[in-house]
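The data blocks that follow each hold one structure.
Note that subunit A is present in both complexes that follow, paired respectively with subunit B and with subunit C.
Let's turn to the complex of A and B:
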């Protein structure tokens, strides 16, 4: 076995998980676009509660995605779980530290941050750092 | 930790995938154990010992 290829090759469990994740990912993208269009169209006409409910619809796909991840984690064998823990730790710690650092810079008005985009980018940032953590885990233990 | 998993597996004529199937783990897990990059849990180590019908201390060597 080529050790480098082994480092990036999915386990059967991972493959299943990524295939299952395609549906919530696609629905999330479509729903987000639809929500933006609907909110822009009906902002003045609909009651506040209805707008809030529509705006939060994409969150449901994230819940769906988390449910798939928990199912996947339960099916992981012990080595796969170790690699997942690497991913989760690096994801949370790296992004948490980065957000704290940017928060300090913004507090002292050394940078100007768009809070909305910063909040929206948290999950994608964690996802990227999670993948980085998994690569580190596989490199050390794979 | 050093181990004799690869030698035992090869003696049985099994591939990593076949051993993984016997142990209900991924092939990558077997590879990580064989290369010594991952030390299996006690239940998995016992499972290996039972599968190869060998005492656990002949499979794993914790001397530096």
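Let's turn to the complex of A and C:
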């Protein structure tokens, strides 16, 4: 058995969760592209409230995704829950600290940050750090 | 049937909580001191010394790393039920804060909001801590009653 493969191998519960989360991921990508095109096209013509509603449409797919995560977590056994603790803790704490470090650098005018880009990248950054945390958790408790 | 071990009431300071609170106090005191010190020092360092300015600017992050370490240790020492409460609270905090910033990002890209980069970056950690605190109170209540 390859110890590295053991760290990244999916459990049946995880496999089910990732298969189910394909749909919201695809819908999210398509919806985000559609929203960008629609807003670029109708920015001057549509009322403010309509623009806000359209801009927030991709958030619905994230809510759908979180619903699937909660279902997955309910089906986790004790060991899987421990690994999830590692994943979420590493995700939240690492990204929170990194963002804070960048914020300090920007506050002291040492770097220039794009606020929109930074806000949009937060959830993907947490997701990537969460996967890293799960691998660390499996390495320590595998 | 509830198979989880009985958790102490939320106002009881167990040894892991007490240790964590001690490190929280130490790291927050260091953070406040280093923040003031780095702001003061940055006024007296020339704009050319970018590396030195960067190092001084990042000084307040060090006590936060200490806090992260203390929190990780606290999680390891918790009982099973407390770990589950922490996990649910952190997951809720990540979800709420992530969605909040995503909403702000989409509104910003639609031109509805103006977002300053430094403000967004600085606000992430306090937003995570704030929502974590609220979520922990709610989750703890649902477990202990």
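Following the convention adopted for this analysis, the second predicted complex is superposed on the first by the 139 of 142 C-alpha atoms of A that agree within 3 Å, B and C clash if a C-alpha of one lies under 4 Å from a C-alpha of the other, contacts with A are read in each partner's own complex, and residues count from 1 in each chain.
Rule of thumb we're sticking to: a residue touches a chain if its C-beta (ideal position, glycine included) is under 8 Å from a C-beta of that chain, and two chains touch if they have at least 3 such contacts.
Source: prediction; values computed, not measured.
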item: Which superposed partner A:9 touches (first subunit B, second subunit C, both, neither); value: first
item: Partner chain in contact with A:43 - subunit B first, subunit C second, else both or neither; value: second
item: Partner chain(s) touched by A:82 [first = subunit B, second = subunit C, both, neither]; value: both
item: First (subunit B), second (subunit C), both or neither touched by A:126; value: second
item: Touching partner for A:112 - first (subunit B), second (subunit C), both, neither; value: second
item: Partner chain(s) touched by A:142 [first = subunit B, second = subunit C, both, neither]; value: first
item: Most subunit A residues touched (candidates subunit B, subunit C); value: C
item: Residues on subunit A lying within both footprints (that of subunit B and that of subunit C); value: 78, 82
item: For the subunit A and subunit B complex, residues of the former touching the latter; value: 1, 3, 6, 9, 11-13, 77-80, 82, 140-142
item: Residues of subunit C touching subunit A in the complex; value: 38-39, 42, 50, 53-54, 56-58, 60-61, 64-65, 68, 71-72, 75, 80, 83-84, 86-87, 90-91, 93-95, 97-99, 101-112, 114-125, 128-129, 132
item: Contacting residues of subunit B [partner subunit A, same complex]; value: 16, 24-29, 31-33, 35, 37-38, 40-41, 44
item: Residues of subunit A defined as touching subunit C within the complex; value: 35-36, 39, 43, 48, 51-52, 54-56, 58-59, 62-63, 66, 69, 73, 78, 81-82, 84-85, 88-89, 91-93, 95-97, 99-108, 110, 112-123, 126
